[in-house]
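You will see two complexes here that share subunit A, one where it goes with subunit B and one where it goes with subunit C.
What follows is the complex of A and B.
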C-alpha cells in the first residue's frame, strides 16, 4: 500500500544489475529447457537447430529494415482506424460532458479541487486508452492469422521481427493519436473548470532532502543505541514520525546542491505539509507553532528563523527572505544563534549543503513529518509541462501494453492473448505491493517491524507452535536447514516478482494533481527504464513465437 | 415445418408485435408530468408526476408509493450509475467503502469526499449510509484538522451531506433530525463551541461568503440552536405528513427536540455571559414550547394516548377515573408519570420556569461577573459580588426546592463557593468555617463528597477561564 507521496530518485545502476540477473536466469532456463527438449526430440540436429535459431535472431535483428517496419505500421494504423477504434473519443466526450455530476465541490481550498479535476482527467485518459490499444494489440495478429491475411505478408520478403515491430509501431500510432487528442481536450477541460484558480495550477519543482531525527533530549541515538526516530502517535498508517513540542526533539533535513542561482529570484522558499497532533486542547483557535533553523554543516553556522504556524493538510509556504526581513525596505536580516548577522549566500548556503532543523514549539503537542513533507521550492514550471510528462508516462504504459499484447498474439489466440495481457497488467497494477511484501522482510505499513517466517517450511513450523512473525525461532540445525531451503524458494519468488512490471509507477497523477513537476530521476527515468527493460525481451519472445509457429494451426 | 414463406412469417411477427404492444401500452404507459412550484426552492418550478396519470402499472406505483420518486428527489446520475452497473452495484459499493476507509486512514480528504459521493450515488436510499458518512465528515474528519476554521468547514460539509440525503429521502424524518442534531450539538457543544457558534453567524471565509453567513446551512442568519430547531420541526412534520416513524429513539424523546433546542439556545446565551432580557425571554419561550406545545402532545401507550402537561384539574379527573382500575399499569397517571420520567419532563419544566424569572437571571449574572472579577484579580469586589449572587441564588432555591438536587445547580453553587472561598483566603488569609453562617451553607455541607471532582473544574477555570455549564 502506498502510504503517501514520497518520490525517490531511481537507482539506474542497481536496476540494470537486477535486470541483467533476471534476464540471464530466464534466458539460461529457457535455453536449457528448449535445448533439452529439442535434443530429446531430434538428437544432435535439434541442438544445431537451436543454435541456428539463436544466431538467426541476431542476424535478423541486425538486418531489420525501418522502411518495411514503417509500411507494416501504416497498414496496422489504417486497419485499426477501420475497426472503429477511434470511437473511444465518443465515450471520452460523454464522460467529460457529465463529469461535473460526479465531482464533489470542495470549496475549502483550491488545491483540493484542482487535485480532484487533474486526477479525474489523467485517470480517465489512462482507463480509456488502455482497453482500446490493449484489445487492438491482442487481437491484431491472431485475427490476421485466422483470416489468412498474414499469409500474404509472410510470403513477401519481410522478417518476422519486422511484422512484430510493424504491428507495435502501428498500434502505438493509434494510441498516440488518441492520447494526444484526449489529452488536449482534458487540458482544456481542467483550464475551464478552474479558471479563477488557474494561477495555482502549476508545476512545482522541489529539492528533497534526507530526513533524520533528534530525541527529546537532543541526541541522535536513542537509549538502545539505535538511530533516533520521531514519536509514533498511533496513526494507523505509519508514514510520519512526530516531534514533541518544547523539547530538544528535532526533525533535520539535509539538502544537497542548494545554490542561490537555482532559487526563485534568489529567495529561499521552504514548503511544508506537516501534521499536527495535540495531546491537550491548548489554544484551540491557534495552530501549532514551529520554527525552522538553517544550519550550514560545513561551517557550523546556525540561523534560527522567525516562527511559523502550521496549517495542517495545506501547503505551508515559508519564504525565508520575506519572513525574516527587518528594517526599511524589507531587507533580509539573518542572525545566527550568537546574534551575529550572517549572509544567506555566503554563510548559510556556502558549500551547497544545507540542514534545516524543524522544532515544534507548542508544549505537549506534536508535529508529524516524513521525508517529502519539507522541500526547497525552485522556480515553478508551466502546468502544461507537468501535464505533458504525465501523458508521456501514460504513453510509456501504453507502449508496454501494446508490446505485451502483440507478443501474446504471436503465440495465442485473441481471447487468450487478451486474458494473458490483462492478467499481467492487473497483477502489475493491483498486486505489485503484495508481491513486494512477499519478497521483503519488512512490513510496508510499518517499516520498523520485521516479518519473520515468510518461507513455506518456516511458516509450517510456526503455525502449530504459535510463533508470531515478530519472534525469532531458536538457532539449531533443523532451523538452519529449513531456512536454507526456504531461501531457495524465496529467491525464486524474488525473481518471479520481476517478471511482472510495476504498472502503478506509470501513474504520474500524484505529481501532476499535487501541482508538482514530474521529475526525471524519480518518475520518467524509471518509467523509461522499465519500458525498455520489459519491451526488449517481450519483442524477442514475440519474434521467436512467430518464427516457430505453424501459421496454418489456427 | 411451416408452410409459410419468409415474407409471410415476417408479417406474422409484425402482427404479433403489434398485438403485444396494445397491452404493453395500456399497462405500462408513463405518467404525465406537471410543472409545479418548487417546494424547496421558492420562485422556481419543478417537474412533478401528475397524480392518477399513466398506465395501470404507473397508477399502481403511485397508489402504493413504489416508485423511486416516492422516496424523494431522483438524481439522474444515481439512476444512470445503477443502471450501467447492471448487477454489480453491490460489488462496486463494497469496493468504494474499502477505498473510503483506506483514504481516511491515509488522511486523503479530497479523495475520501469524492468516494463518499460515489457511494451515495449507488446507495441513495440507504439512510444508514447517509447517517454514517454525515457523522464521519462532521465529527471524525473535522477532528483531524488542526485549524478551527478548517474543522468548522468539515462540520458544515457533514451538515450539507445530511441535507443532500434529506432531499433524496424527504419522506423520512431521520435525516432531518441528524441535520438538526449536528447543527445544535456539534456546533454548540464541541470543544470549539465558542468559535463554531461565532462562525455560524459570521463565516470565517469572507472571500466565499462576503455576507458573513453560509446560505446553504444558515439561510436566515440564525443562532445555531434556533437553526437546529427548524430542522427538528421539519423532522416532526415529515413524520406526521408521511406517517413514517423515525428509527433513532423513543417517540416522546424524539418529539421534544424543537423545545430542547430552545432550552439549549437559552443555556448557550447564559454560557456566553448573556443574562439580560434576551436570555430571560429565551427561557420564557423555552417554557412555552416545552409546557404548552410539547407538553400537550399526545403519545401512544398501552392504554391509549397520554400527554405530559397535566393540569391539577385534569390530574384529579384522571385520578377519579383510575380509581376502579386494579392494576397500576392500567392507570393514566401512571403512564403520564412514566413518560415524564423518560423525558426528565418535570425538571426541564421547572428549570425553564425558574430561569425565566428575572431574579434567577440576576443570580447567574452576579456569579458570572464575580468569576470574571476574580480572574481580573479584583478580589474584594469579587467577594461582595459572590455574596450578593449566592444570596439571590439561595432565595430562588427556597422558592423552587426541586432544583437543589439538580446536578447543574449543585455544580454552579459549589464552584461559586470554591471561587469565593479562594478569594477570601487571598484577601483575609482564611475561609469561613462550616460553623459560621454564609449563603448556600446547606448545599455546601451536603455536597462535600463532590468537592474533589469539582476542584479539578475550579482549577481548570482558574487557568483557562472556560465555562462549561
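What follows is the complex of A and C.
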C-alpha cells in the first residue's frame, strides 16, 4: 500500500493573503467597470446609483431576517422533496444491493479490500449527491423566475440575499439529509464487508516530518553546493528519491511535537512504505535491509535501532519500544551508539523534536522514499471518525456546488447555469494543476519551476523561428517587450486561476480508504477555508445579480 | 420626490422602454405617466391589451425598473423592500407554488412577513374561510381550478392585512358569482379604509367598484378622473318612474315640448346578464331540481 499524495499543513495566513488580494482586484475591477458604464449611461446620477447599490449591500445584509431565510429554506427543501429529488436514495439502495457481486473479495489482501470498499462507498456518495443537488440548485431560481412564482415572493418584504441564502440553505438541507442517510447505509455496508481475518477497521493518526537527504558521502550538500537530494533511478514522476545501500546516504525525517503523552501507551511506532529498487538480483527471496536511527537534534543523542526488512506495498510497522513484533514480548532497551542505555522520554524525545535517519543496508540496492513514506503513529481513532470527516468533506464540496449553482441561477437560465456550474466544477476538478503550473512563476522566481515559452507572444515568436521551449531566446529589447506583455497576460491568468476552486482537494477518500484519520490542518481546514473563501463572494455576486435584475424583463 | 401623506401612490413622468439585447429601444410600454392614488380609494387602471396597465403595476412593485421618471409607494421608492410590509399583490395569473396546498401556501407567505405562528394560523383559517376554500384547503394547488387558484391568490395577497392592495385582473377566470364576490370584497376592503388599485379591461367590473380611473392606450394616459364625473352626460336628463300609461306619456311629451326638450328614448329598463345569472344560480341552489323562470313584468 502506498500513498500517492502528500498531505501538508495548510498555510491559513498565506491563504487569507492571496484571498484578500484576489478579492480586492476583482472588486476594484468590477467597481471600476460598472462605475464607468453607469457614468457613461446616466452621468453623475449613475455613479450615485452605484454608490447606493454598494451601501445597500451592507444595509441589506445587516437587515437579513434569519426567520425569512429559514422559511425560504424550508420551502426549498419541501419543493425539492416533492419533486422526487430524494429518489436518489433508491438508486443508492440498488447500487448497494448488487455492489457485492462486482467487488473482488481479495481475501489475501484485506487492506486492499477495505480500500476498495471505502473508495466505492465515498465515490458513489459523491457522484450521486453532487449531480442531483447541483441540478436542483442550478434550476431552482431560474424556474421560479420563469414560472413567475418568485414574483409573489419578491413582492413580500423579502430581501434578495434572503432569497439566495434561503435557496442555499434549503438545497444544503436536502444534500445533508441525503448524505446522512446514504452515508449511514454505506458505513454499515463497509463494516459488514470487512474480512474476518482483518479485525477492526480503524483510522490511523500520523505525525509527518520534513524530509531531507545526505549524499552517499554523508554530506548535506552536493558537489554544486545545492541541498542534497536522493538518487533518481529513472522514474518520470519524481515522487520518491532513492538512498543507495551500504553507503553513507541517508534519508532524514525531522518530526516536530513528538511527546510521550501523545504516543500510543508510551510506545513509539514508526510506519513506513518505502519502495525497493534493485540494480542486481541479490537474494531474490529476501527484501532489502534497512535501519532506523533515532536522533535527538537538541542533545545529539543517537540511537541506532534493529535492522528491518522492507516489505514493499505493505504497511511496515516498527515498534521502537516493544519486542512484540519479534514475538518475544516485553520492553526493548534502547542504547546509543556508545552502547549506553538511554531513556526514550528523557534522552530521545526531550525537546519535542526527533530526527529519524533511514539507511539502506543492502549493497548496490536502493530504497526509495518520499515525505509521507514514514510517519510516527499516534493512538488510532475510530473508523467512524475518519468516515464522518470524509462525509463532511463531501458536504463541503456539495456546499460549493450548491452556492455556485444558486449564484449562476441568479442571472442565467437553468440550462446555462448548469453549464457554467459544470464548467467551473470540471476545470476545478481536472485542470487546476495545469493552471497552477502555467502560472507558477507568478509567485515563484525559481527558474527550475518555470514553464518556458508559455507566454502568448513568446510562443508566437518561437513557432515561426523554430525555437523549442528548451532553448533560451536572446536577451534584447524586443524580447524584453514580449516578456513584459506576456507577464501581464500571466498575471491576468494568475487572477483567473483563483476563480476556479480546486475541487480535487475535497476528496478525502485517499485518507479514509487507506485507514488514515482525515487531518484537520492538512485536509479539513483548507477545505473549510476554500469553501468559505469562494462561497462568500459567490453569495454577494448572486445578491447583486438578483437585485439588479428586472424579473419581468422581456 | 415629495408626496403628500394623502397620496399612497405617486408617479411622475413614469416611462418604461423595453430594449433588445444591444440596448436599442424595442417597445415603449409606458410614456410619461403621472398619476396620484389617494388613501382609501379604489383606483382602476383601464386599457386594452398592451396599453401598459400591467407594466405600470410591475413598475409600482419594483418588478421592472423605470427607464425614466419617478414612482413612490407609501412614501417610499418602488425598489425599497420595506414598502412591501404594507402591500398585497394579486398577479394577473396566480403564480403560486403548485406543489403546496392552500394552508401551506398561506403559511409560507405569512412566514415571509415574520408573522408569529399563532397569528399565521389564525389568519390562514380566516382567509381560507373568506375565499371559501375550506373544502379544498389540503389539496395541492396543481389540482385547483382557475377560479380556486384566483381565490387562494387573493388570500395570499391579504395575508398581511395590507394597507394597499394591487390587483391585476382580479376577476379574470372567475365565474359571475366569484366575480361578484370579488367585487364585494373590494368594496369591503375600501370600507375598512384600504386602498385598492386594480387593473382590468372588464369595464363593468371597474365601473362597479372604482372611485377613480385612469385609461391608458399605447402606453399613454388618455383619461384620468372620478368614474361618476367621467360617465355623467350633462346634456341629457334621465327620469326613472314606475310604468306610465300611454296617455301619461303623451302628457309628459307635451310638457317637455313646452320647455323646448324632446324625448330621446322611452324603454323599459333591463337587468344586466350578471344580475340574471346570479339570481338564477341562487334560486337554483334554493330549489334544486326545479327550473328557474324569471318573473315577467
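One rule holds in what follows: the second predicted complex is superposed on the first by the 508 of 554 C-alpha atoms of A that agree within 3 Å, B and C clash if a C-alpha of one lies under 4 Å from a C-alpha of the other, contacts with A are read in each partner's own complex, and residues count from 1 in each chain.
Here, a residue touches a chain if its C-beta (ideal position, glycine included) is under 8 Å from a C-beta of that chain, and two chains touch if they have at least 3 such contacts.
Remember, predicted model here, so these are calculated numbers, not experimental data.
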- request: Kindly say whether there is room for both subunit B and subunit C on subunit A in the superposition, answering fit or clash.
  value: fit
Query: Thinking of the overlay built on chain A, is A:71 touched by subunit B (first), by subunit C (second), by both, or by neither?
result: second
- prompt: So, does A:475 touch the first partner subunit B, the second partner subunit C, both, or neither?
  reply: neither
Query: If you stack the two complexes on chain A, which partner ends up touching A:157: first (subunit B), second (subunit C), both, or neither?
result: second
Query: In the superposed arrangement, which partner chain does A:223 touch: subunit B (first), subunit C (second), both, or neither?
result: neither
- prompt: So, A:149: does it touch subunit B (first), subunit C (second), both, or neither?
  reply: second
Where the C-alpha centre of subunit A sits as vertex, the angle toward subunit B and subunit C in the overlay (nearest 10 degrees): 120
Message: For A:278, using the defined touch cut-off, is the partner it touches subunit B, subunit C, both, or neither? Pick first, second, both or neither.
response: first
Message: In the superposition on the shared chain, how near does any CA atom of subunit B get to one of subunit C? Answer in angstrom.
response: 26
- line: Going through subunit A, the residues touched by subunit B and also by subunit C turn out to be none
Query: Taking the complex as given, what residues does subunit C use to touch subunit A?
result: 18, 26-27, 58, 61-65, 81-82, 84-85, 87, 89, 91, 93, 95-97, 99-100, 104, 108-109, 111-114, 156, 160
- line: Residue set of subunit B touching subunit A in the complex reads 76-77, 102, 105-107, 109-111, 113-114, 116-118, 121, 144-148, 150, 153-154, 157, 191-192, 195, 208
Statement: In the complex, subunit A touches subunit B at residues 1, 3-4, 98, 101-104, 106-108, 112-113, 115-116, 119, 236-237, 239, 275-276, 278, 281, 284-285, 287-288, 310-313
- prompt: Contact residues on subunit A for subunit C in the complex?
  reply: 60, 65, 67-68, 70-72, 75, 78-79, 82-83, 147-149, 151-159, 550-554
